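Okay, handing you the structure first.
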Amino acid sequence: MTTTAFSPEAPVLARTRRSFMREIVEDTPGGDPRLEMCIQCGTCGGSCPSGADMEYSPRRIFAMVEADMREEVLKANTFWYCVSCYYCMVRCPQEVHITDIMYTLKRKAIREGYYRESSASDAPDFSETFVDAVLKYGRSFELGLATRYHLRHHPIGAVKMATGMGLEMLRKGRMDLTPRRIKNLGQLQAILREAEDVAREDREQIGGGA
Amino acid sequence: MADKQFEPLIIGFTCNWCSYRAADLAGMSRVKYPPNVRLMRLMCSGRLDPEFVLKALRGGADGVLITGCHPGECHYLEQNYKALRRFLLLRRTLKQFGVEPQRVRLIWASAAEGARLAQEINKMVEEIRALGPLTWRDVISANGDRPLEALPAEEVTA
Amino acid sequence: MSDKPKLAMYWASSCGGCEIATLNIHEHILDVDAVFDIAFFPCIADFKVKDVQGYPDGYIDVCLFNGAIRTSENEEMAHLLRQKSKVMVAFGSCAYEGCIPALSNLTTKDATFNTVYLDNPSIDNPDGILPQPVTLVAEGTLTIPVFYHTVKSLDQVVKVDYTIPGCPPEPHQIWAVLEAVVAALTQGAPLPPSGVVGAGSVAVCEECSRKRDVKKIKRFYRPYEVDPDPDICLLEQGIMCMGIATRSGCGALCPQVGMGCRGCYGPVPGVTDQGAKMVSAIASVMDVGKMGEIDEAVLERQIEAVYDSIPDPAGTFYRFSMAHSILRRTRVAGNGHGKE
Amino acid sequence: MKYTYYPGCSLERNAGAYHSSTLAVAGPLGMEFQEVDDWNCCGATEFIAVDKMQAYALAARNLSLAEKQSNGNGATMVAPCSACFLNLSKCDAYLVKDAPLAEKVNRALAAGGLHYTPGSVRTRHLLEAMVTDVGFEGVAAQVKRPLYNLKVAPYYGCLIVRPGFLDKFDDEEYPTSLDKLMRTLGANVVDFPMKAHCCGGHMTQISEEVALGLIYRLLKNAADYGADVITTICPMCQLNLDAYQEHVNRYFGTHFKIPILYFTQLMGLAFDMDPLALGFGKEFIDAAPALAKIGVEPPPKPKRERPSKEALPMPMMPEEE
Amino acid sequence: MSEERIGVYVCHCGSNIASVVDVEDVAVWAKDNLADQGVVVARDYKFMCSSLGQELIQDDIKEQGLDRVVVAACSPHLHERTFRNACDRAGLNPFLCEMVSVREQVSWVHTDKELATQKAKAMIAGGVERVVYHEPLEPLRVPINEATLVVGAGIAGIQAALEIADSGFPVYLVEREPSIGGHMAQFDKTFPTLDCSACILTPKMVDAGQHPNITLLSWSEVERVDGYVGNFTVTIRKKARYVNEDVCTGCGICIEKCPVNVLDTNFEAGLGYRKAVYRPFPQAVPKYPVIDTENCTYFKRGKCKACQIFCPTQPNSIDFEQQDQLLQVPVGNIILATGYDLFDARRIPQYGYGRLANVYTSLEFERLCNAAGPTNGDVVLRDGVTKPEAVGIIHCVGSRDRNYNNYCSVICCMQSLKFAHLVKERTGAEVYNFYIDMRTAYKDYDEFYQKVLEEGTHFVRGRVAEVTDAARQPGEDGKIIVQVEDTFIGKQRRIPVDMVILSSALEPRADSDEVAHKFGIACSANGWFIEKHPKLDPVATMTEGIYIAGCAQGPKDIPSTVAQGAAAAARVLGRIQQKELALEPIRASVIAERCSGCRICNNMCPFNAILFHEDRMVTEINPALCQGCGTCVAACPSGAITGTQFSNEQVLAQIEGLLMFGVNGNLANELVPA
């Protein structure tokens, strides 16, 4: 009604009720992700390389977010199937930061444990395994990553890997048997510990962030 | 008001044909700019008498914004060139009066440049906020103009 | 004392030229003597301040006050004489609008002291002693007037009835004013309405016989740089002449002899700020920054280069009218402006 | 030109061929690389899925080290891996855009005695730096053994062109810089409509079925257009298309044998460098048969087919205008 | 205490002002605090410009004896006249009314209510201080030139020109292309009635071409505009046609004989060819061809002259030496109907235009359908032969997309439905329309949608992600595949088709900024010309005497375009009927007794209004020539020149008022005598 509703300055947050949507908006870095600007056109779902395999297209996920269907959203496999190709983000006619929102949903699903009920329940563990290696060595460690993850989730795949591709990788000198450590690992770990503290403070302040 | 941050007061002179319309356009497009600037209309930047600027500074403005049509686009053909020449000589003179050049600015803004006018206003408000208040009243009633008995003890020397 | 009307003339911050000009009315000085009793006139007669203090209020009929208000003494005397006088006349440019003393408003008191008492080739002041308002000596306390930060005009401290502009006012003008006062006092003629008296009401150009044309000034010259054509408007020859923005009445003395008008009669009636008018007029007729040149940076450079030929615009345009100008003085960041 | 060099974890091993070929061709092109001392993982696509603040702190440590190493001269950091390029440039862009985030990240960095001024390090992809700074003429000057007759499908993948946080240098849907580079090497560039589509990324680890589908699309498209080799600019793309090609063949019953080579390897080849030094032989799909097609003579100019009388004219593309 | 009796009126403008400025507080404040300045009445009202609001002012003038009025509302450019007229009706000289813009300059640009309210008060104080110095004035009256310039001869310009010419007034109709007709001449059928575009347009074109009151200047462009409403002088460049219009009969033999075929990217949208000497289409008006010097063999190589050799007229109509002509025409009013450009679909590479042969733009499809087009109306693939079996039509290409244009192009939905119908009718193909929202809001439009639904067109709600020839599933080989999320079923679909039509956005002309500049009007952020009021004054602009019509003002369909053309004409006719124009009496004059004859002002006036009397040595200003800029007023070093409406007293008083408050509300102004 008032003209200020169209003010380009008026922060989007002010227009959003404290809701699941607002939680997501607040937890997404890089400025306003413009989630409530979605007009349900489906450009994202149409563009997504793995869209055909998702339970809900990103568009539908956004509609569910708008409808405050928190559990259903966080249990979905949609964001775990996101391959970070950014097609949706550059094509979105409303400039919604879709890929970033997918990451936010991943973090939420892990933090709140909903991923366990997802059809892609193994997916977070891959990410976490990767993260563990980086926390431990400062760099990624492909062999460790592959074996640990596969042993846990795809034992048969692990055997296949060890005999097939993995062996070939080793033979071609494309895989290390031991991890490489950065020199100043202590420094990195101190930084990451502090980052965690900062994040915790943030969460206590606004709640729900990851 | 001491707890509030300093908010500069700026008087803006606009040309009826370009910058006043730019201000109209800024309004119509709901472009935001700070309320520190108060605009008034002249028919042309060529109407700007340097006295107006002095009057504004003397009367409490912390800055003066003069706006006109772009060179070559004056509604009255060439009067903005005169405005520019007056502005530059006035700026030199004002410098001798201790008025920083950022406080009196001339910008060109066509009727289509609502957003740009707003941007320039934003910029100017920021710059003057950084410079601090002008308060010419205090400049004139500066120290040393007090009667003898009001002198503080430390100025009384043996 | 007789019952003749009482005349006073006082000099505040001034050069003394106004007194010379007053005495320069030739034989009319006898008429003055005939009409008036001198009640206070430090230049020609030995009165003391306490004499004046002793007069009843309104005792003096006409006080010619020349000089600007530079010190606390100037201000005190202005108040005293106002109290004792029926008619207060701001006499000459200093009292009217600050004149040369007020040019120091373009700098600070400290800088002025520095030039006057410390940093000047002719000064021998090894201990760097500066005037102090109050000094304690064995014999007691010595005080001298406080030197103000800002020079003011007379009307900025007391109510002024008449103003005679000029640095100094021309003798024929002085006589014309005195004559009117005398007529009023002796024959009961009406006094002129208050304000500026004894001067013209248009700009000096009116009285200047130089030939004028449409003005297009390429640049300015200092007086020593050119030998001006005797018949053509000085401004058109690039010689700074304030005649266009200065009240007439002097007879265009300076321009007539090849020296640009300095502006000592102050602004033309109806104008507040003589300097601003000069800025506007001069900038308007500078022949630079042509139509068609639309690169703003180029334009600015061209114009600025021409303005370099006006080395001290504020000092030039406000040479006499500083104290009476809109801004009155310069602002020096961090030097005592604003509340301490 | 001097650059700060961020190789990234993949180039240390899995993409060793990329590393060695990059360093090999950099010399003749006048690109001088100084590796970021003690760099750490950029976070790939995984860290941000687990912890936002740590992910930004992790990437920011690299930026901070590069800033320090440049002594405040405004570092230009070159990353050959598209994911590293994206993560580092995105981190910087978001720190610039999101002041509260920058403040928090700097609090974390301070725990390690570091600080990063948002916007002070410009991260660039190796391909972008090469085509912009060295230019096609600079590359052409080094070509000694043109790749005549070799049909190359230039594969960009996603992250070099999308979402394009800083200095967008090529089209995000239909980039052409690698096409031009390959033409500069004398290769026969085939149209490859899927050149900026996704290789599957980490999907091989989440759902191999989905991933193989994505890889299949790319291989089929390249094969449909007759490519002898696919050239890549990203270790992840190379790995997925190369190491999983046999899986794709098994799963879809196809017979693709398209070697996946880093663009720097093809550059080195055209510069007449030792193939071993360029990391040839490390690929799963043997490149030798394809490379054997490289001819000594430039191929004859294909005759322009005369359109039929009835045919309607095609719109002109910008590059034709 | 002032002697004036001033009334202050603060408008809410619905909530436009009142939502940000506390208008009630402002009115109360003005009454309480500006009494010394002479304010005796201060009121706020919902809509000051309404007749009730105006009556409020009129009643106060009569009952309270007001002699000055200050209205704080919108920009004076919008309603100054309204309030002046109100004063006039109440017997108060209209120039004793002052407007303060608290909408455009306060409520629409500020968000902090407290600060905005304060600013509004200060601005009103400025207005009150100023109005004290207003003087009763009489408007200056100047005659209005009866001629009108219409720029752009598409259907909007043609309509406007005909309306004015039919009323008996002269029109200059300027068109930069060789023929009038605009985009409409390219279309095949028009929605929703499907009548043939040429059938309804060409009679109007002929009328415009033959009308005794219309001077048709095709192949011409406006170079510059001088003057003001009622009295513009327009300089028009009539580009060399190299064909002598006085002799040419339009027989077309030159075109027939010209050996050079040129791809026609303009009229034929790149789908067909023309000659180097050409007219865009057979029914072109005027009928004279034009030589395209870029492609003409004679102009390129100095020989050929086939056209000249075969020209049957005596003397020969072909004139290779012809030069551009500059014409100066005096006009009273100007209508801009410059139309639109079509969005360049190549900017969205994922839709494949330019790369995939069978992706067409909407304009290409119009030509394809058109019986006079390159295929004589056969809807075929780019090979010129094959009829498509399945066709995809994509809506919103370049519209409603922040990457390109964030507005809705208005016509695309209906146009796409029309295409669907035409494809079905001509080929019987399966048709898929891909849309975000179906916008068919106008008379008979939704009925048309119903009809297309009946015809069996498939509607897929989803914005197309990409159009590709990369087949990956059976049935996709050799097809182009439209990949989209069907948002109703929530699944990605790949629909193989033979032809795709892109309903491209309408965009402002590439040079719209430049044109706006030339005519002194403004463009919106999107680039469309801005109307004076979006609802109540849709064809006027902020610049008096300049009107806009058609798509130059924003995307619109043919009915709206024609309506606007007629509306602009009606506004112009209204102006002309007034015979003379009341101009603001803003003029400078010299107070002779104060003039010293210094001659500083003598070269201040570009309109030569300043004269110097050598005999009396004083300067004088000719009020008939003075335009009121005030430059001489500012220049006069003696204060001997004054300007009405913008006198020193008025400006200085307004400054004083504006400075009444600091931004934080503290008293800023120190009311010192200077």
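Order as written gives the chain letters A, B, C, D and E; numbering starts at 1 within each chain.
To be clear about the criterion, contacts are C-beta pairs under 8 Å (C-beta built on N, C-alpha and C of every residue); 3 or more make two chains touch, one makes a residue touch a chain.
In this text the structure is predicted, and so the values were computed from the model without any measurement.
Colleague: Among the remaining chains, which ones contact both subunit A and subunit B?
Modeller: E
Colleague: Note the shortest touch-path length, in steps, from subunit C to subunit E.
Modeller: Counted as steps through touching chains, the separation is 1.
Colleague: Relative to subunit D, which chain has the most distant C-alpha mean position?
Modeller: It is C.
Colleague: Per the definition at the top, count C-beta pairs in contact and tell me whether B-C or A-E has more.
Modeller: B-C
Colleague: Name the chain whose C-alpha centroid is most distant from the C-alpha centroid of subunit A.
Modeller: C
Colleague: At what distance in angstrom does the C-alpha mean of subunit D lie from that of subunit A?
Modeller: 23
Colleague: Per the centroid of Cα atoms for each chain, what is the distance between subunit A and subunit C, given in Å?
Modeller: 79
Colleague: Between subunit D and subunit E, what's the gap in Å when you average each chain's C-alpha atoms?
Modeller: Here the centre of subunit E sits 47 Å away from the centre of subunit D.
Colleague: Two or more other chains in contact with one residue: find those residues in subunit A.
Modeller: Subunit A, residues with two or more chain partners: 3, 7, 9, 87, 90.
Colleague: Would you give the residues of subunit D that are in contact with at least 2 other chains, written as numbers and ranges?
Modeller: 173, in rising order.
Colleague: Can you list every residue of subunit E that touches 2 or more other chains, as numbers and ranges?
Modeller: Residues 108, 111, 350, 604, 631, 634-635, 674 of subunit E touch two or more partner chains.
Colleague: Touching residues of subunit E toward subunit B in the complex: what are they?
Modeller: Residue positions touching the partner: 75-77, 101, 103-106, 108-112, 115-116, 118-119, 122-123, 126, 513, 516-517, 520-525, 530, 542-543, 586, 604, 606-607, 627-631, 633-635, 643, 645-646, 648, 651-652, 654-656, 658-659, 662-666, 668-670, 672, 674.
Colleague: Touching residues of subunit C toward subunit E in the complex: what are they?
Modeller: Residues 201-206, 212-216, 233, 243-245, 248, 268-273, 277-278, 280-281, 284-285, 326.
Colleague: Would you pull the subunit B residues touching subunit C in the complex into a rising list?
Modeller: 49-51, 53-55, 57-58, 70-72, 77-78, 81-82, 84-86, 88-90, 92-93, 96-99, 108, 133-136, 138-140, 142-148, 151, 155-158
Colleague: Going by the contact rule at the top, pick out the subunit E residues touching subunit D in the complex.
Modeller: It comes out as residues 263, 270-273, 346, 348-350, 353-355, 357, 361, 364, 368, 374-375, 380, 382-385, 468-472.
Colleague: Could you list, by residue number, the parts of subunit D that touch subunit A in their complex?
Modeller: Subunit D residues touching subunit A: 9, 12-16, 38-41, 43-54, 56-58, 61, 90, 93-94, 97-98, 101, 104-105, 107-114, 158-159, 162-164, 172-173, 197-198, 200-203, 205-208, 210, 213-214, 243-244, 281-284.
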